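Going in written order, the chains are labelled A, B and C, and every chain counts its residues from 1.
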Amino acid sequence: MACTTAFSRCSLNGDMFASKSAARNNSDILKGCPISTKQPLHSKSVYIFSDKSSSGPLYDRKCCKQSGRLSSMRRVQCCALKVEAKPLFNVGSKFQLDDVIEAQQFDKDTLSAIFEVAREMEKIEKNSPGSQILKGYLMATLFYEPSTRTRLSFESAMKRLGGEVLTTENAREFSSAAKGETLEDTIRTVEGYSDIIVMRHFESGAARRAAATANIPVINAGDGPGQHPTQGLLDMYTIQREIGKLDGIKVALVGDLAYGRTVRSLAYLLAKFQDVKFYFVSPDVVKMKDDIKDYLSSKGVEWEESADLMDVASKCDVLYQTRIQRERFGERTDLYEAARGKYIVDQGVLSVMQKHAVVMHPFPRLDEISVEVDTDPRAAYFRQAKNGLYVRMAILKLLLLGW
Amino acid sequence: MACTTAFSRCSLNGDMFASKSAARNNSDILKGCPISTKQPLHSKSVYIFSDKSSSGPLYDRKCCKQSGRLSSMRRVQCCALKVEAKPLFNVGSKFQLDDVIEAQQFDKDTLSAIFEVAREMEKIEKNSPGSQILKGYLMATLFYEPSTRTRLSFESAMKRLGGEVLTTENAREFSSAAKGETLEDTIRTVEGYSDIIVMRHFESGAARRAAATANIPVINAGDGPGQHPTQGLLDMYTIQREIGKLDGIKVALVGDLAYGRTVRSLAYLLAKFQDVKFYFVSPDVVKMKDDIKDYLSSKGVEWEESADLMDVASKCDVLYQTRIQRERFGERTDLYEAARGKYIVDQGVLSVMQKHAVVMHPFPRLDEISVEVDTDPRAAYFRQAKNGLYVRMAILKLLLLGW
Amino acid sequence: MACTTAFSRCSLNGDMFASKSAARNNSDILKGCPISTKQPLHSKSVYIFSDKSSSGPLYDRKCCKQSGRLSSMRRVQCCALKVEAKPLFNVGSKFQLDDVIEAQQFDKDTLSAIFEVAREMEKIEKNSPGSQILKGYLMATLFYEPSTRTRLSFESAMKRLGGEVLTTENAREFSSAAKGETLEDTIRTVEGYSDIIVMRHFESGAARRAAATANIPVINAGDGPGQHPTQGLLDMYTIQREIGKLDGIKVALVGDLAYGRTVRSLAYLLAKFQDVKFYFVSPDVVKMKDDIKDYLSSKGVEWEESADLMDVASKCDVLYQTRIQRERFGERTDLYEAARGKYIVDQGVLSVMQKHAVVMHPFPRLDEISVEVDTDPRAAYFRQAKNGLYVRMAILKLLLLGW
């Protein structure tokens, strides 16, 4: 979300635009929007109380009122505001989420609030009024690289709430070398056709750029080696749903800890909670990197590395297994083969795990979890995938309708 | 359809899950589902009276009740049951279709029942209540190889009944060599996002595996050289609609009879009816194989091979032409050219056909039917393509709402 | 639109079809439709008063009546009629649009009528009755070459009016060399699944062939080097919205005037209005071709070529900039680089432009307009892209529901 209607309106006081503005509909008022003065997005900055509704009549806020959900929302008409220290969630009122770009934008209260909505989403029944709250809204899935699982999850979420979807699996064509269009131009075109953009990109930081340009909400569905925040949210939600709490838990992160985007996000997010302890179990070549270790230490979060999966399995509440990614090993397939076979979750591992503990995995899996584990009630990974649906429904609802 | 909620529920009586189950929603109860005990699907086995509704609230059966169509359905709560000799259609009550995997699963009564529903589908008018019976349902089209015609037909069928669609044209990415996910894992993910899966796959038997895994209905939209059952259904439906009966008819199968999936299915299905006679007209290199001939003979079905298309055309009720597939001839393009030009349906052939007879073709066609034939009322192939829509609407209705 | 139900009905008077027709539904009556007598489409021919509704019950005109919009429409039941000199728009009554194939089919009155509807479209609010006028209608986007921008614009338009979409991004597969299906066969299949076809093709004239085959409306979304009529319409609509009129304006066409489909269409369409003056500003290698210059002269439209962008910018009402297409230069990248850098719209150009003037661009752009221009209220190109939505909504409404 970049430049709001309200902001533009304020700047529209010169004679220059007066005659033209009068003859046009509201959307034309955007002519006066000085894009060059937009606030750049960076870590932990949030835009609160800004008017996310686009400017054309199709996006008129009246439609929101119809759903009876925005009446109590404080959509104060002022420009996007960067507030460094201010949390997204405002005690005593409700927070307004504008974009979902990175795991770091969520604090403990925001997570709780999102999970509360996700819990409501689980209860929505087919053809109930709740299943139609996004009727009339249009989501564009702008995927610059394919990710069918993520795309289907978002599209299902949108449709489960009565919304509609425009799909672009080959968005790369928009900005092909041959044509050379900038991401910003693409975003400004697509925002004219839709109410919210879900973007997958191959470049780290692309989602942030899109959000800085768009006048409608942008959700980062993964930007290269960068962020994939809804995966982090669904992992956290799954732990809370499975274990019943996020404080005071013991979490084993297993597998590719060096390159795995998900385990890094999870470590970051869990560090916000009390008395969390991490176990890192991985082949030497893909060990957890120092930045995360240092971050955890700085936050007073306990962690230890271990080569003994059985020992760790017997102690942890959550065993989060990940796939060793072959592409990280280049020509050294011998190293890859050694690494991938080292820590397998099978019946043996299950047999030492506590009864209340769960096994998680972000998918896809190869054989790092044996299929024999699937039938154990502690195998939470299919439920975890399903939770992605509820968390994305919650995010869509919060971005489009507010609290 | 694999393991039902009811089945899992029965097995959930150990202390082990008690505390966790209480804190979770119904879907978590699936934890106890012993997948390893699932009944393997094989030819002619059917699953009856099983509860196809998935376990989350989104899939709650309440939604079905809203449509007022399931009240009389006997969705007995028991596990998937393999009944070797029992027909799908239960006299005195209505059958429950769980998956559509292969032509062999349909007997005469089931075909009649499906065609009765397809006939109703033809009569549904835009924006009538009938056009909304699948409102709130979500179909995933999981296509591991492209087949635009089949995909569009299914998606149109779903939307003509008010349902919604998640499209995956490049599903192969799900299970790419690079990532190596199993079909089973993909299915268990996708069933979390949708209510029914339509799958096209490049491997024979893939649809059966998917159905054995999924807790929601699976429709086989073609699995490699294997089955494509809805094509068989629409062919049968077209004959009944055009000729008025399926008993006592004379059917000429022309063209590629060795490799053509459709003519083989059609021969199999028509053999269930009385006094059907087949004429096989094909170049020597692509003659009907012995397995089908033997099967027909064992069922007492009359058949003969002929090289005289004019003679056959003058006698038959249905002339089913097929495309000679170039890819079957490898380097021998000379053989291909000879074969493809041998039996062309043109004005000459039409001139000897009976007035009530029809020409059919599964599409795409090259020049094995001259375009001059298109304008003749006996050219039934475009109506045949359209019938695919009605048959698929019927199948979707039966799988999701029951009779 | 090719052969209508009514037409077929007239020809169905022989004994030959009598018995079959009686036993079938209305769609079967098409059997008698003599395709070979269809009127070929060519420049400036129009089909008026023909019955566009397809023949199956799904497409029954009752649905149109429900919307209360067709009662006053004169859908005279006669065959498609080619009327060389007759305008689409009938003074004193309302015109009926059957297909949108090329810019040349629109005269001044038709343009006004379409723009009037587009203006209404801008005012449609989410979840208002107006946003559901195409409920129950199904649009097939048959794209033989990818064009995400155009496809999304059409699909958004359809969904903003409550309609549904079947998407085929890889329609080329339909007619692949391997399978060899004709466009005509594809169209006759797809028209069985949908109510309107939006087609993008790589061959000039493909849209015309599709329209000549289809019994439902066809919209040309670009056919190779041929036509892209909705781009022309949205350009014209944008000028009217931005400048307030189409008569008496001065228009600068800048950039690739030799190969740019959009500037050629725009010149053609604007020539229909009074006292329009054109300035052509382009590198020598991509100058406006003589056919357009001759056409303008023959219509008494003033034009001049200029190499002085600043001078032209200071005089014009509309500065229509276009991208120099690299692919036109082959190996001569030196010529390309020289050409593309020659006429850039930047702050300097803006500074001499009149206050009421606007900059337009059909997108995608490279650097022929500096991003610094984006924030100027006279930068109309993002509004222009958005107008594509409204114009396409209008076209869909007019083709499916009539005036």
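Just so we're on the same page, a contact is a pair of C-beta atoms (placed from the backbone, for glycine too) under 8 Å apart; a residue touches a chain by one contact, two chains touch by 3 or more.
Chain by chain, the UniProt names read as follows: A, B, C = aspartate carbamoyltransferase.
Just so we're clear, the structure is a prediction, and the values are computed from it rather than from any experiment.
Visitor: For this assembly, give the contact graph shape among line, ring, star, complete and other.
Guide: complete
Visitor: More than half overlap in residue numbers between the two sides of the subunit A-subunit B interface, or less? Answer same or different.
Guide: Both copies, subunit A as well as subunit B, present different residues to each other, with under half of the numbers appearing on both sides.
Visitor: Tell me the rotation angle, 0 to 180 degrees, that brings the C-alpha atoms of subunit B onto subunit C, to the nearest 5.
Guide: 120
Visitor: Centroid of subunit A to centroid of subunit B, CA atoms only: how many Å?
Guide: 38
Visitor: List, in ascending order, every residue of subunit A touching at least 2 other chains.
Guide: Touching at least two other chains: 167, 169.
Visitor: In their complex, what parts of subunit B are in touch with subunit C?
Guide: That would be residues 122-127, 131, 146, 148-149, 152-153, 155-156, 159-160, 167, 169, 241, 244, 326-327, 355-356, 363-366, 371-372, 374-379, 382-383, 385-386, 389 of subunit B.
Visitor: Please output the residues of subunit A touching subunit C within their complex, sorted ascending.
Guide: It is residues 16-17, 19-20, 23-25, 27-28, 30-36, 56-60, 62-63, 66, 135-138, 140, 164, 166-171, 173-174, 178-182, 184-185, 188-190, 192-194 of subunit A that touch subunit C.
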